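There are structures below to look over.
Both of the next two complexes hold chain A, though its partner changes from chain B to chain C.
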Partner chain A sequence: MLEIIDLHASVDDKPILKGLNLQIRPGEVHAIMGPNGSGKSTLSHVLAGRPGYDVRGSVRFNGQDLLDLAPEERAWAGLFLAFQYPVEIPGVSNTNFMRSALNQVRNQRGLSALEAGDFLKIMREKAALVQLDPSFLSRPVNLGFSGGEKKRNEIFQMAMLDPRLAILDETDSGLDIDALRIVAEGVQKLRREDNSFLVITHYQRLLDHLKPDIVHVLMDGKIIRTGDHTLALELEEKGYDWLKAKFV
Partner chain B sequence: MRVDHTDPVPVVNDKPEEDVLLNKWAEQDYEFGFISNIEQDIVPKGLSEEVIRWISAHKEEPSWLLDWRLKAYRHWLTMPSPQWAHLEIPAIDFQNISYYAAPKANAKLNSLDELDPEIKSTYDKLGIPLEEQLILAGVAVDAVLDSVSVVTTYKEKLAEKGIIFCSFSEAVREHPELVRKHLGKVVPYTDNYYAALNSAVFSDGSFVYIPKGVRCPMELSTYFRINAAGTGQFERTLIVADDEAYVSYLEGCTAPKRDENQLHAAVVELVALNRSEIRYATVQNWYPGDANGIGGIYNFVTKRGICQGVSSKISWTQVETGSAITWKYPSVVLLGDRSTGEFYSVALAARAQQADTGTKMIHICKDTTRRIVSKGISAGRGQNAYRGLVKVRESATNARNYSQCDSLLMGDRCGAHTYPYFEINCPDAQVEHEATTSKIEEDLLYYCQQRGLPTEEAIALIVNGYAKEVLDKLPMEFAVEARKLLAISLEGSVG
Partner chain C sequence: MTLNSITGSAQTTEWPNSRIEAWKYTDLNQLVSNMPLSNGSPSIPLWQVEPHDLQSLFTELESPEAILRELDGFSRLVHAAGRGGWLAHIPAGTSSNFPVRLTYTPSSNAGWSGYTHQIQVAEGARITLIEEFEEDESPENLSVKNEPLEAYSTPVLSMTLHHLQVNLARGAELKLIRLFHCPMSKALVHQIDAQQEEGSNLEVQTVVMGSGIIRNNIHIQQLGDRCSSNLLGLSVAIGGGHLDQYSRIRHNALEGNSHQHYKAIAAPNSTTIFNGVLRVEPNAQQTNAYQRSSNLMLDPASLSRVNGSSPSIRSGKVNAKPELQIFADNVKCSHGATMGKLNTDSIFYLQSRGLTFEEAQKILTLAFAMEIVDQLEDERMRAKVISILDLKQWQ
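Then we have the complex of A and B:
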């Protein structure tokens, strides 16, 4: 699914990712944990194609060279990023936004555009999946949404676009306890043998729900430790200092 | 009294080229640039009393109208051309313009079947179906090609309600008393340079009269099309809503792609009597010229409405995407007590386009309300100026005036300028003015792209969202059209 080899990224000559390696196979859920400022969001943006980074290294995504693609081409290839800080779009309703996006993605995947009725049906289904109140569908994208509502809206969009690989950047931060469970259950329902998730988080709670196959620790721009879900428990207990002492 | 406004200082986008994306404003093909092969009657180029007499005679006008034209012409000769707008207007050679062009064989048509097939296909290409049975959602259409009105649809149906909707020429013939009563009363020929010129040489346009107590049952609309080369278009529209009447009117404009500049100097007069309402919407897509500023229409238009009756209302909505230069300030004079004026505008200046637009509102009587929402979009080397004058006379107690004026800049070679003017002579007036200038944030674009939208589609979506408040004021079918136009006008502009 995804193979990252020796990935470097810098902004204004400041190195942030410093030789990162990661491999994700179809059907897997990976978690990335790591201290603030270690480069987790940078990794997600470099994968999604945000402009402004100097990038070196190789990233293969389902046989394509991901770094050669424009952001929208990465989306068409099945990459989705749930933003840590979702952006507001004044005057554009969630419905309109998703219809444009979904029809574009379908078109690129060789599917026909959806009839209005079919689209609305899918939209209601997916909104129900993450228990997003339908009133949010007619509101401008993220405008005036609370922090938690924005996160839930990201997962709704993910459900709509049916990606092959979804990167969730701290989607759990800002969610209340019930919302966290709902979002986690939503993600569980979307899991299939042919899609994968990369979940960036600081907390054990989401991982309790999601039961990741593999947990990584990202520190100072590199993955310094990889393990199973018990690694997350160990981090919860000990923090990052013991790893720092050992590896940096 | 509260005045809350920014100084009339130009806001110019001086950001360094931070995103190459938004800078590469290439030229997008103008969809309506075709030239139709229609036999024309064109008066030789040049402007003189002889030409005016010829036009008037050709149209078999009464002598009072010829006199009025000649007065306007003599007055025009004494006027300097206006220089105050934020525009670079190349000198116009008024002797090098033909003031009248009409399709040949424009004898009165009895039915649409008699229309020149080439004219019909011109309008088909524009997507304006003239066949009445094809007209969806009950839109009555008047089509003006170059100088004359070609056909007016749905006339009989409207006549049953006493509504008059016809070409200006026909109104002069059939309803001279109504025309004479109102012509030049809202925009006198002395008003300004281009209004004087129009009054001297205007050739056709639309006329609407809604009788007392009648709600016009369908949208009325006029499509203006410049086809002939070397001509100007000088049309005149007059709409009168009698007591308790209501009408919604829309005009659309296109022109062929030519390297020469063509002049369009129109006058629109609206008269709203007691408790009546006029909604006037414009979707203007005259040929804008190419990326280097070659060709395009000079759109110098005087539009004004007078809320003459108590509790009357006039609302202007405009989507201005075309023209090389736009110079236009739809205004409302609030003469009746408790009258309301509104102005909703989206003006786009891409390529090398220049737009200087805005509104004037003059509060004369008491309890009058004015609301203004202006959304400017500048791209490429486009220059967009908003100019708004608020005048509150001493007599206008309890006047309320709210203006919001937003500018969106795309790339670093365009400009946005805001010039608010206030003349407040009544101490209890509430006047609010807000202005913002913004750019499309790179992160907003990236977010849309991450969801699978290519840059152009993302920009179209964002721009339509930005203009939504104004677009929502348009009748449904036209809002869809206007959205497409905005998207098309910005296409090829990025990437």
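Then we have the complex of A and C:
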């Protein structure tokens, strides 16, 4: 699914990712944890193709060279990033945004555009999945949404676009316990044998719900430790310092 | 160049030129100097009113005697050209729920022509006019698709000048909702000179769009107390267009209100201008005036990519010039001007959902324009503007 080999990324000559390796197979849920400033969000940005990074290394995504693709081409190939800070877009309704996006993605995947009725049906179905109030669908994208509503809207968009690999960048931060459960359940329902998740988080709580197959610790631009879900519990208990000491 | 060198008349009226501050960005003298001579006057009726109860109030203007107290160089020039126009006296007590719709025939000949229109709205009368000024693509259009041109440095084949004089009596209300649409190598120039008596209300909503040259002047004098003037404007310059919106509101009485909101989009290679002059005279105490100008400059798609850059295409260009001259002390006047490019985070967000750069740019640009389009007080005009915007390629 995804194979990252020796990935480096810097911003304004400041290195952030320093030789990262990661492999994700179909059906797996991976979690990446790590202290602030370790490069977690940079990894998600670089994978999604955000401009402004100087990137070296190799990223293969379902046989394609991911780094060669424009952001929209990565979306067509089945990559999805749930933003840590979803962008507010005044003047564009969620519905129109999703109709344009979904039809473009379907077109690129060789599927026909959806009839208006079919689109609305799918949209209502997916909104219900994350318990997103239907009134949000006619509102401008993320405008005036609370933190929790924005994150739910990200998961809703993910459900609509049906990606092969979804990266959740601190989707749990800023969520109350109920919202966290709803988001986690939404993700659980979307898990299949042919799709994968990369969950970036600070907290054990989301992982309690998602039960990742593999947990990585990212520190100083590299993955320094990989284990099963018990690694997350260990981090929750001990913090990162014991690893840092070992690593240095 | 003077008027008589073209018409052969004895009049010598100067064309507005860039030495005059108000015409700094759009020099009509230069445009007319580079223009082929007129090869005859338009033969078809210039203006038409759609069937309406008040249709008969609009008649051909026989002698454009000024109903204003002063005329500037531009209006003298248009009057001297004397090709006609319309005249409307709206009697006291008139109040129509339906707007009067006027359309103007595109210029059929090369050269320039000028038309004078007058409207007087009597005490307490209310009327809404909707006007569409659309120029055709010229068959001799010099624009070559793969060679980007800029309207302001390309010879203009035809230029149409309009001067509208407006007089609002006590308590009168006039709404003007206008669309100007002009392709490359054509120019449309329109000027309103309005005088407002006590308690009158003037609203002017203007959409200017295209790849040609458009200059839209709105001059308002509030002569009576408690007048209100509201201006709404949208400029959409594409394909090398040069769109210049100019307003001058003079508060000359007590408790006047004015509110202006202009937005402009300058696509690559195109230019927009907003110059808003607000003058509050010493006797205009308790004036409440607000002016806002928001401007969007678009980059060529090539800038967003590593390869395929086309150095002959520049980003959109915006000139915004608020001018506030306040000579009274007990007034509330505020203004704001912003200019910027599309938010790169927003573009990336839309791209990450599968929309192309061009689609993302189009969606965000339309959203910027919709704030003004939504305020146009006519369903048909809104639909028309949206349909034109929707077809635009923002490159």
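As a working rule, the second predicted complex is superposed on the first by the 248 of 248 C-alpha atoms of A that agree within 3 Å, B and C clash if a C-alpha of one lies under 4 Å from a C-alpha of the other, contacts with A are read in each partner's own complex, and residues count from 1 in each chain.
One rule holds in what follows: contacts are C-beta pairs under 8 Å (C-beta built on N, C-alpha and C of every residue); 3 or more make two chains touch, one makes a residue touch a chain.
Only a predicted model underlies this, so the values are computations on that prediction, with no experimental measurement involved.
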Partner chain(s) touched by A:A116 [first = chain B, second = chain C, both, neither]: neither
First (chain B), second (chain C), both or neither touched by A:I177: neither
Touched partner set for A:V105, first chain B, second chain C, both or neither: both
First, second, both or neither for A:A70, with chain B first and chain C second: both
Shared chain A contacts, counted only where both chain B and chain C touch the same residue: 48-51, 70-72, 74-76, 80-81, 83, 86-87, 89-92, 96-97, 100-102, 104-105, 108, 140, 157, 161
Interface residues, chain C side, partner chain A - complex: 304-305, 343-346, 348-357, 359, 363-364, 366-368, 370-371
Contact footprint of chain C on chain A as seen in their complex: 48-51, 70-72, 74-76, 80-81, 83, 86-87, 89-92, 96-97, 100-102, 104-105, 108, 140, 157, 161
Complex interface listing, chain B residues touching chain A: 19, 441-444, 446-455, 457, 461-462, 464-469
Chain A residues touching chain B - in the complex, by the definition given at the top: 48-52, 70-72, 74-76, 80-81, 83, 86-87, 89-92, 96-97, 100-102, 104-105, 108, 140, 157, 161
